[in-house]
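Lettered A, B, C, D and E in written order, each chain numbered from 1.
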Amino acid sequence: MAQRKLQKRSRKVGLSPGTLLVEAGEGQSTMRVIGYGPNELEEQVISGVSELQRQLALQPVVWLNVEGVPSEATLRELGTAFSIHPLALEDIVNHSQRPKVETYGSQLFVVVRMVTEKVKLVETEQVSMVLGRGYLLTFQAGQPGDCFGPVRERIEKASGPIRTAGADYLCYALLDAIVDAWFPHLDEYCERLEALETLVLAGPSHSRMKDIRAIRWDLLKLLRVMRPLRDVVSELRSDRSELVAEDTRIYLRDCHDHALRIIEEAEMYLDIGTSLMELYLSSVSMKTNEIMRVLTVISAIFIPLTFVVGVYGMNFDTQIPGNMPELKQPYGYVVAMSAMLLAAVTMAVYFRRRGWLGLPREDLDERG
Amino acid sequence: MAQRKLQKRSRKVGLSPGTLLVEAGEGQSTMRVIGYGPNELEEQVISGVSELQRQLALQPVVWLNVEGVPSEATLRELGTAFSIHPLALEDIVNHSQRPKVETYGSQLFVVVRMVTEKVKLVETEQVSMVLGRGYLLTFQAGQPGDCFGPVRERIEKASGPIRTAGADYLCYALLDAIVDAWFPHLDEYCERLEALETLVLAGPSHSRMKDIRAIRWDLLKLLRVMRPLRDVVSELRSDRSELVAEDTRIYLRDCHDHALRIIEEAEMYLDIGTSLMELYLSSVSMKTNEIMRVLTVISAIFIPLTFVVGVYGMNFDTQIPGNMPELKQPYGYVVAMSAMLLAAVTMAVYFRRRGWLGLPREDLDERG
Amino acid sequence: MAQRKLQKRSRKVGLSPGTLLVEAGEGQSTMRVIGYGPNELEEQVISGVSELQRQLALQPVVWLNVEGVPSEATLRELGTAFSIHPLALEDIVNHSQRPKVETYGSQLFVVVRMVTEKVKLVETEQVSMVLGRGYLLTFQAGQPGDCFGPVRERIEKASGPIRTAGADYLCYALLDAIVDAWFPHLDEYCERLEALETLVLAGPSHSRMKDIRAIRWDLLKLLRVMRPLRDVVSELRSDRSELVAEDTRIYLRDCHDHALRIIEEAEMYLDIGTSLMELYLSSVSMKTNEIMRVLTVISAIFIPLTFVVGVYGMNFDTQIPGNMPELKQPYGYVVAMSAMLLAAVTMAVYFRRRGWLGLPREDLDERG
Amino acid sequence: MAQRKLQKRSRKVGLSPGTLLVEAGEGQSTMRVIGYGPNELEEQVISGVSELQRQLALQPVVWLNVEGVPSEATLRELGTAFSIHPLALEDIVNHSQRPKVETYGSQLFVVVRMVTEKVKLVETEQVSMVLGRGYLLTFQAGQPGDCFGPVRERIEKASGPIRTAGADYLCYALLDAIVDAWFPHLDEYCERLEALETLVLAGPSHSRMKDIRAIRWDLLKLLRVMRPLRDVVSELRSDRSELVAEDTRIYLRDCHDHALRIIEEAEMYLDIGTSLMELYLSSVSMKTNEIMRVLTVISAIFIPLTFVVGVYGMNFDTQIPGNMPELKQPYGYVVAMSAMLLAAVTMAVYFRRRGWLGLPREDLDERG
Amino acid sequence: MAQRKLQKRSRKVGLSPGTLLVEAGEGQSTMRVIGYGPNELEEQVISGVSELQRQLALQPVVWLNVEGVPSEATLRELGTAFSIHPLALEDIVNHSQRPKVETYGSQLFVVVRMVTEKVKLVETEQVSMVLGRGYLLTFQAGQPGDCFGPVRERIEKASGPIRTAGADYLCYALLDAIVDAWFPHLDEYCERLEALETLVLAGPSHSRMKDIRAIRWDLLKLLRVMRPLRDVVSELRSDRSELVAEDTRIYLRDCHDHALRIIEEAEMYLDIGTSLMELYLSSVSMKTNEIMRVLTVISAIFIPLTFVVGVYGMNFDTQIPGNMPELKQPYGYVVAMSAMLLAAVTMAVYFRRRGWLGLPREDLDERG
């Protein structure tokens, strides 16, 4: 399981910066444009950059969403049309950037990571955004599918201020969707931790340990993505450029708060994970202690008795005086057995008093 | 137990900001207004916002306390009457905000968390406050019941400067009540930790471990609430708006100090918890060591002796020369038994010297 | 022991700030005034505030030291005479404040904690100071007795610059005495840690563990008091008010340095404590290992031999062909015993080579 | 292995600063100059500094790369020709500098560490750079071979902006190459950690522990080199001198980002290492527990039975009344054996119910 | 050993600041003056302060080095002659100051700690410096002997810029010598850690644990001295006074870098120490596991067999039908022995498959 978590990079060491190295199997992308304003709305799938020009001229806000990795030609065309900096273009192709905001002239270039919906395995894909006056370009690196559905719906239904606000508000709305998409995952971690606690209390097992590790691991990955994402939102909020309107800043403050909450909850779950690990190790320790207790009690009772019966199994010649007269005693056998029973009972009582014959099961069961 | 601690969120992922999603089973609330000034005092339960207008015009300070979640209609009405920002309205409905202060125009919006009185389980509920010139709106999210009783009493009895001061002082008084409500809980943790220490010293048990974890857990939750609460008080203290009077700032400094003290004590108790955990694990370790010692002493004494008696239990034919002449020796049995006794005593003395036959119980009992 | 360490608060939750709640058994105090200047010195015990007025008029510096908790009436009188802020008055009565400096108008209000001389148990008591132009009021909350003796002596003997300097220098001198009073305690911790190390190396015991915990605990408490105390000194040093003269600031820098040294030493002793704990746990672990080694060596040698003698104790009918012919062999017994001896020696040599028959005692003894 | 990791210094304690102490076996170096501009390119190996003068006059950018430690004479000559500060010269010879940037008049002096290609052992060598107007001197301290190949190729092929940019861009390109050279190593750590996790899960072994330690150790070394390297890039980015052009700063921002990513990944791998260590220790603990369980179950079943058969091996005289009548009972043997079988089965069922006879192997195998 | 590490203070609690309390056995000192300039050099041992005046007038730089603690009279004389602040004088006598820089008027007062050459035990002694225009006073608190030899030599041989530079350069040169004197000690720690790693891998032993602790302890002490020393150098570098020339600041930057490197290496060695401790504890844990495995395998094989031979040692009367017919079977003995052999082999194979009969020694030996 862990293997898949450790993302491989295919860095192009030593290449000139700005080189666009589209990897094999990539270069296939869908470009979908939504142009809108208070009263207009136009949505289409385009195949070339030229088709964009008309919409840019007509509609207040144009959102070009590129799903998948575009071919180098398309990228260069977009780069020219929107005068995107070569380093930004390189970052769009290079899918292992850490979240960041950069200002290139009158454009803001934002890289964040979006959670994708895989079962039991949190994966993230890079989303690069180029925010300019009147347009927003978004590039989704991974598999088709995103968490922008509700935003598209709000544009279509003109719900909330989205249709009257600018491209900066759209950028905020997408960031907010990306941040909020983490909440269901956090809830899932919460449930899995609860289930694990019940299992760990029921008895330590090696697979529990692995589950705890897996969750902590996922949370560490989440924090690695969310902490710079929070900084991205925070930087956008305090950006000095005129690209982000004053009103949008208030909304970004809210988004920043959500990111903060996700980080704090993730840190709390990490703490729970550590605490579970301690509980687990303490369980193993108690269990070993308990096993040792059983072994010791049984050994302590029977080993001395076995010695005693061994004594009466010796073959000393009872004809010769002084040699094992007990063996010829009437009822010697009954006396010996009774003495041994007495010794065993004494031992058992002693161990019980020391608490070694407690009912450790009960102790485990009293939870609930 | 842990389940209930991990609060579920019902986030409305992707909804437009400002959406008020009142959950099923909510929408029932009681609105109680207290309007007061140096010489006047009027208290009533209102059902509609319109009834507020008169008091706002007449009395220097109007405190509207909403208990429970109001219906969307009521909220919108309040929002319009007091021109509350949509994001603030959303935060009032959304009960899992982290404590924060936000400035919306000439209003301060404060979110904090108040401890509620549940036995053996610390729960918190969100309290949202809207502070404006001459009025304070408070929204309590959870069950009926709060810790504002003494503040109400001070208003009624006009004790202290509360009747002559403004809405900002009322806001401070409520924050102070919320902060101080944690002190009895801290005292309780202190007592439970003391009790636990006594129990852990009496003997390790799995349920002790769980109790320690539960307390540490509660303290972590407390810190998660108190740290941003301290920041809230600190921000209010240094707020540049004119809503908070200079005199109130001095009082807030005091409140900040209390919050700091609660945080430091909670951190101290956390440290005690960690220390108890170490004591616990060390106890288990010592206990296992002690058990092993008993097992080893008994085995080391009796296993060799059992071998010896086994030797004399062998059936070599004593008629044939060289085969076990001891068995035919007069008093061979007595000699063998004496030799074995001597060996056992020697062993016991040796172990006693090594300290393996100490009285570990005593060691545990010397505390007190 | 631990119980007494966890200080109980008797917070007056929800009371109006500035309320002076003198607890039962309190309200008894001694007020001693020392008024001095370069050429004058007058010391007396007063019972009312009015007697102070004369001295304030005549002498350059007046130091009023209140030991024990004054009655509410006296406090209010003092409050009026020196125009002390209600919050400061409240803090004087409330004995669990954390060290702090606060400016109220032209007064500085300082709260610190002074170590009191209890055997084997570090206790602190609150000392509140009100520093004004020409006077210093000090309030000692706990039992009679303080560490100000040397300062009083210096005033009486006019040694050093104390008689020519102002009230700010007196305040520094008292703070310095409070800080320096910790040094002998640190020395004591140092000695106790050394003694403990010797004991832990001599053999792990549960009571060692408790001693280590007790010391770490005391050190944590010390740090909780000293860190804000250092901040108090640091704030006084950089205070912008004119109450603290430039010369006194140089002395406060020295005092700050001492506080820093105490904190660093306490942190070092904490580290030693942790290190001792590790040594202790490692000792237990090694001890268990050693015990297991003894058990295993004895079992591994004697259990197989016991099996062998058991074989020759079987009752197969030696008359019937093929059944245990060894038993009828001349000197079969001697051969069998020799073979067993050989096996035992071989085992012992093998275990010795593996280092399981070492002399672990020696290993422990080589220290020194 | 560890020995070689701990680098020996041969500090010249107490020597005058600026002393150039070339060590025995050093003093052999190759000096290769590349002079280039938009339209020109000249590359040669030189043996004396004088040959440089011509190129410096003719070509816009001159890159002198010195591989190996030059003789003191050569160094002094270079020092004079380029007016390098004595302290910078000393640092060039002294190979254990930590990465840093220093400004000496109109020159920037940069020290970084470059990873060298050794199998299974990350070694770094010092690279010192002197950046002046129109020239860049680089000194590689270690073995021949570097990671600058791709940069040289870009100069030769004039790919990217390198030929038109200044010496500052060359400096950036080399730093970027040094930073990016770490990525393949990180990938290797990632693979080794994955392999180790599989091995640790298959069963704990002492050599696993050592492998984990080795990787963590390498990562700590990497971080010790990368953190100041990041600071170097960051300082160059914000340098106030005119040596670094505005355009180059944008590229340095990118390089800074790469350094940050390497640091974050290394920290993540460190965390995985710690987590593996925990898994390892937990494995050992579980394994011991499992072994104890087997021992206890076998002992608990057979030790009591051995006692019982010992009883019937006693030699009490069955002729005498009351002595072991069972031995003469018809089918007494069958009854005894059946009773023992029953007891053994009962014990086994009991242990199975307690989970001590589980199939722990299975538990381990369920991974995958 | 540990005792000597924990330095005793003899604080003069409550004394007036500036009191010079020369301890018994002190008050003996040697004062050596070196006066020098570009062309002059005069060195002498003086006994009184008056002899200094001539040199101060004649030579550009006068270095007075006081070894041992001077008598109070001498100190006061020096204090008057150089107008040293009383607090600085007190700090010179008080030997447990933490490193610091302080400005008193036109003088800089520096306190640092110098390592002294004791075998296997790092001790430090306080060096106080008073830097004024044209003179430097140094006070060495401890035993005779220092690390200033190379600096004196450079003065005598006029090597480097020392003779032409001012007293500030001399101060730098001494600080540099003090910092660099730590490098050989670090090398020694490195070697001891390497040796320890080899020993720990060869087998855990209690004395290893103590050695690791001792090294970590020394490193903690080193860091306690070096961290404030680094701050001292850093403060001198950025000092605003005119006492430190611009050129000297560049040299101090270099010295600062060395201090940083020492701190980083010490921190690395601390990490190695922690890692060794983990290796050690893991070794003990693995060793116990291995011992348990041997015990369990032997017990599991022989305890059931012993039971079987016990069965055939029972004395059931074989005359009576149904009682142990096996005993009368021809070759029953051979059959029984073969069956037991088979069982033992089966067990051994089973344990081997589970990996419990591995060759753990080999595992340990594969290192190297």
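Note that in this section a residue touches a chain if its C-beta (ideal position, glycine included) is under 8 Å from a C-beta of that chain, and two chains touch if they have at least 3 such contacts.
What you see is a predicted model; the values in this text were computed from it and never measured.
Chains that touch both chain D and chain E are absent from this assembly.
Put simply, the C-alpha centre of chain A and that of chain C have 41 angstrom between them. Across the assembly, chain E contributes 285, 288, 292, 295, 299, 303, 306, 310, 313-315, 324 as residues in contact with two or more other chains. Moving round the ring of chains, first from chain A across to chain B, one meets them in the order A, B, C, E, D. Looking at the complex, you find that chain B touches chain A at residues 2-3, 6, 8-9, 11, 13-19, 85, 87, 96-98, 100, 102, 104, 203-207, 209-210, 213, 216-217, 220, 224, 277, 280-281, 284-285, 287-288, 291-292, 294-295, 298-299, 302-303, 305-306, 309-310, 312-315, 318, 324, 326-334, 336-337, 361.
On the side of chain B, the complex with chain C involves touching residues 147, 149-151, 154, 159-162, 176-177, 180-181, 183-184, 186-187, 190, 193-194, 197, 201, 250-251, 253-254, 257, 260-261, 264, 268, 271-272, 275, 278-279, 282-283, 285-286, 288-289, 292-293, 295-296, 299-300, 303-304, 306-307, 310-311, 313-317, 320-324, 354-356, 360, 363-364, 366-367.
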